[in-house]
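Presented sequentially are two complexes of subunit A, the first with subunit B as partner and the second with subunit C.
The block that comes next holds the complex of A and B.
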């Protein structure tokens, strides 16, 4: 027995001498964001957002700056693709690049226009990274611009955009995976788009401790890619919900429309009348939290038509119009008004997508494929050319279930209304 | 050395699930696309038939292993000869499992650790278990870990539920057709069919009989069901196009778990249970290889000595496989599906059963 144990103890050190995959935390440069820009054909500029170890340690001061130092650093390098640039970047870094937390990828606009086919492969291939990754296109800018910008509320701008995306009503941290899945479907893709926005009104600091709004990163909407994975165009934030609603992915949205005096004056009048005489600052906001979309293809002509029925449930959050919301018929008026407004909006966006982008981002082709596979076999080959001319019959129906804690506004109705 | 029926059930379950979850899905989804789940149903049904045939055969000689009753059926030389494909298969399987384990571990955790360390430690543990505990220890390990495996699998399926998009399994049948679906069923079937090794385990069960057959069929049936759920989940998460291109789609799916910020990185758990499954499978194979070889050369009592030959042999074979690096598709499709499955899992058991009926009638005197 003892002989066995001694033998074992003698053999063990032989086995334990090497620890090949040991990687001390102090020797790692943790990458939180990765950006790619097209420099010229075949040359890319990679930017990495790295966690600054000292900055994240001291917890006393929250915010982008700590004792005058920013809480993150960016490093960049040229390369022929992602890995080549990473290797070039490594030569500037004292720690090994560790991409295990690389949850955000930024694509410069120029690269997006050139096409992302040439660089996306690594994001799905590398075993080090997680498949839950956000990918963003930086509108009117480069990835480096966006990544270098300090963000006040979070120590790291990469974390900031990730959190902004999570609050946008779209699925969380799935944009890369969804892009891969979509590009394999009817052959187009969508990525969320970011934009660097200056403050609406520029203001100077009057004293040292002032904190006026600064230039910052904002979620612009979505970038649409065509079947060759080149940027076809953008949908802004106020257009993108249309796509989310139609594909049944929207989780919450506020809709604001103008309800004018005509609505109040002519009870039972057609809601369309209100459209014409819209006056300003008499807006009603509806918060919708339950969405449903029902798409039925109709095959009666050469091309299929689609009947799109969008439904939503919500309540009135703000009412600046003279309508008295304690009366049911007035709520119905808001509903009718909203339906007209939303239908108009949806039609506009759908038309833009069909005519300008010519990309089936609503997944109509996928839907045909899934539910009418034999008809799809005839259509599949030239769906891309046919899609812009597909007829869509869109109806929106909101169901308002509440008016908040008041019915009638707490304000006296001396102003605003004619009553 | 006796195991209970329940231990046998868990052994079969763990043996079937581990490898199948990891390596068969890509091939199946590649062939059968979104209809891969039909392939898995077919594979499960066929796996049950194979298991039933083998169990039927073993029940006729409940106190003998395959090695013993093959000589009883075919005579001394015929019986010995027909075992050769099995012995080859056992060594082959062990080295393939070890290679896949190494590849998977290198890909997901240990990037730089040399191959012999990963394989050597696994073989070391397997050798220890088989040498000291034999089949009894393997049975107990399975009984202990089996429920944990089920719980963790159920948990992962539950936690990834919110990623599912059921329309991805559509259209059913329209894109594929019968032949491609059957072709897709071959890969999972060839792994489910490994349950024929029950022919070596049968006599070790405490009271071999009807209950044993039930445990075996339940084991295969239940693992097919879990695999069916697994492949449905994968298709509904990734869709057929991405699913068929990922090397380990189930594992990638687990990586997607992201709930309430703090529930994530579930893949470590799945990796852990997967390693336990691999360990159980390797131990079973190691045991039957050693015991079978010992019986084959007629020295059943000294089977433990054979472990000292079989384990190094497996190690060398595995290193050879790694060094030569034959393409995985060739190994699974070209050799395993084309030769091992039809010969070892279907033809030989059926042939033995038929001859046994002809020579010994309904009730063979054991």
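The block that comes next holds the complex of A and C.
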């Protein structure tokens, strides 16, 4: 009897203390994206991308949006920081803001230039927020611009940019985490950058059902932050793979270059011929899916030098030159041409980062720290000033293992060359 | 009634008289108003020389006529003596093929008559000859209805005790199979048989079973479940501690594992004890299918077992407390499905589970003519209209029907009922405390399950406490040639299914 009473008394407090944070699903406003813009010093404009469950429902059942309602809504509010703005926003919302699915954070260019230090704290502190979050800088625009734009392929622009990012060859959904890690390492930071782009060619709708390309969101490249976490500049799409490759994060990329076809295809010609004067050149595209990077710091004197060896493995996806790819020596020619081209590109971008941005986004400082911890201690404080003048020895070596389903082109070659 | 008890409790047993008329009167008093008791007198020349008493419908009347009545009459006709018939003579009268016994006590005669034997009272003898010509109406052996198999024997136990024992005996042709007889129930005098394999079973287990059965003091044993409730260790546990089966092959394999079975007359369900949790999850098909497939199916079953317990509570906890755990696209689609639903998820789940259980309960006892009506109402009204009306959300209907299907994946029905019942408190707890509550509940449940020890055998054995060499019939179903060792908790120590093979 006493045992039963004791058991009951032990059970009852559970009901009193348990997590009484029960919140029905239909009383929550699910936030998929969160944007921050700088209005003026100390005043931020927060924008939230909320799921509209009703619209998704009709969309799911009948295919397409019903009655012109899109699957999301945006709401905005001013505030002194994230939480303050969120509270101000809550006054306009009938449901509790639920940030547990906030996978995408947008930062306006103005705020990025002003510096992101002051607003990033909440993203790491709040227990509701996932560490695997994308953070984007909106180039030449505000977060609100990017978030209000309807995206055609997905119901929600926040989901759309997340998916675009996933296809970009960079690590998936960890740009916020990586930003925090980098900021604590070499002190600078990098974030993917978005841009609102108009269609390449403007076209009018001729009939109601036409669907010409529209202004849409696009992944521009990467935004680079200096050690004060202010925007230093951008690397465009064709530049930021360099950073990914050097830091060993690239998962797939297509490289296209022009090959000097005529000289290269001479019978008995050497691989180097592919590089000589481009009298008649055509493009060759190579898809590389395995990347390797090896960075070795070498000390000659006081300052280190870095040996960077980039390796890749891929196959030829497109060959518009008259090169006969069924011959091994021709593939070697493409390899040689590619290596030279890629090395040139890498050097260019590295130089741009060193001279223009002065931010060690390649993690060279971290490498130094790992290889020579004591020397790094001396250098760490001045790294920002030392980095732009560091000597880099870059070598790229591609290994092409395939030519697709055909070797020789299926079309007859009318421009000459060896068959 | 009072008289009867007085007779049975008197110290000296009441003996029969040598006066036939007195004896018959005594019997008529005993069977007053028992219209099914027949008296057949053999009057020769106006004098009653012998009387046969048997219960109508419980003996083979034709055989009684042919082997008892006719020889008697012929004997009396041919015999010149009128006064008395000697015992030896009488015995000679009947062809020796009938089982005949001689009884002197009144109570024994009464019991024998009630068992269906034919009592032969003769003039001048203070004893009764009992002819065992019992033949009762019984149904033929049919296919098991509650435990279906794809491949395996089709026969099932029936209500007749001896038929059931014969089903066992013809599977185990060994004198090691012991079938001890006992009579239980003050009024019903139900025969039960305790079966076990000598040399495999632990002696203490048989002793314990005997002891517990002897303590049963009931007026009647109507089903084997009456016994089950009496001998269970923990009667307040939701988990069954005695398995029941209507399949002789299950009973036989249990016997060979060292378990004890109890066959009850008039019940087609044989009790197998002690039950362990894992034996409740092993189906006959596991052993008739190839072992790889059997292992696969067993894992599906384990999954569904947990689905039947956890799915509704997990859904409620996830959607009301832990939204961030669900993948984003799923959360959006659940949110849109729940849009406009007026009830909280817990209440929604409780209502739907309740309705499902009601449908199931109604379905068991449906007369065949109204069956379609209920299934139409159940499937259409509950399944569709409720969602169309926006009272219950679609995911909830999916969850409940999945849970419903899963709860029928249990090979042993009464283990399934335990889980079905536990679903409701778990649902409440998850609605109040979320994952925290579910985990608390599961901890309490696990503690309870490992502390259960029906007949001294741990309920979760061989998993907890673990005997590694027996796990090959728990997590997987190993080929028969690899399952050498019997469970040490059940069988005598060192008992193996086959001797060690020579290399």
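In the analysis below, the second predicted complex is superposed on the first by the 366 of 419 C-alpha atoms of A that agree within 3 Å, B and C clash if a C-alpha of one lies under 4 Å from a C-alpha of the other, contacts with A are read in each partner's own complex, and residues count from 1 in each chain.
Following the convention adopted for this analysis, contacts are C-beta pairs under 8 Å (C-beta built on N, C-alpha and C of every residue); 3 or more make two chains touch, one makes a residue touch a chain.
Predicted model, so just to flag it, every value in this text is computed and none were measured.
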Which superposed partner A:53 touches (first subunit B, second subunit C, both, neither): second
First (subunit B), second (subunit C), both or neither touched by A:130: both
Contacts of A:370 with subunit B and subunit C, given as first, second, both or neither: first
Contacts of A:21 with subunit B and subunit C, given as first, second, both or neither: both
Partner chain in contact with A:301 - subunit B first, subunit C second, else both or neither: neither
Contacts of A:412 with subunit B and subunit C, given as first, second, both or neither: neither
Contacts of A:32 with subunit B and subunit C, given as first, second, both or neither: second
First (subunit B), second (subunit C), both or neither touched by A:103: second
Common interface residues of subunit A - those touching subunit B in one complex and subunit C in the other: 15, 18, 21, 130
Subunit C to subunit A touching residues, read off their complex: 319-321, 323-324, 328-329, 331-341, 344-345, 431-434, 436-437, 440
Residues of subunit B that touch subunit A when the two form their complex: 107-114, 117, 120-121, 163, 167-168, 170-171, 174-175, 238-239, 241-242, 252, 255-256, 258, 264
Residue ranges of subunit A in contact with subunit B within the complex: 15, 18, 20-21, 127, 130-132, 172-174, 177, 180-181, 184-185, 366-367, 369-371, 373-374, 376-377
Parts of subunit A lying in touch with subunit C, wherever the complex brings them together: 14-15, 18-19, 21-26, 28, 30, 32, 51, 53-57, 60, 71, 98, 100-101, 103, 128, 130, 159
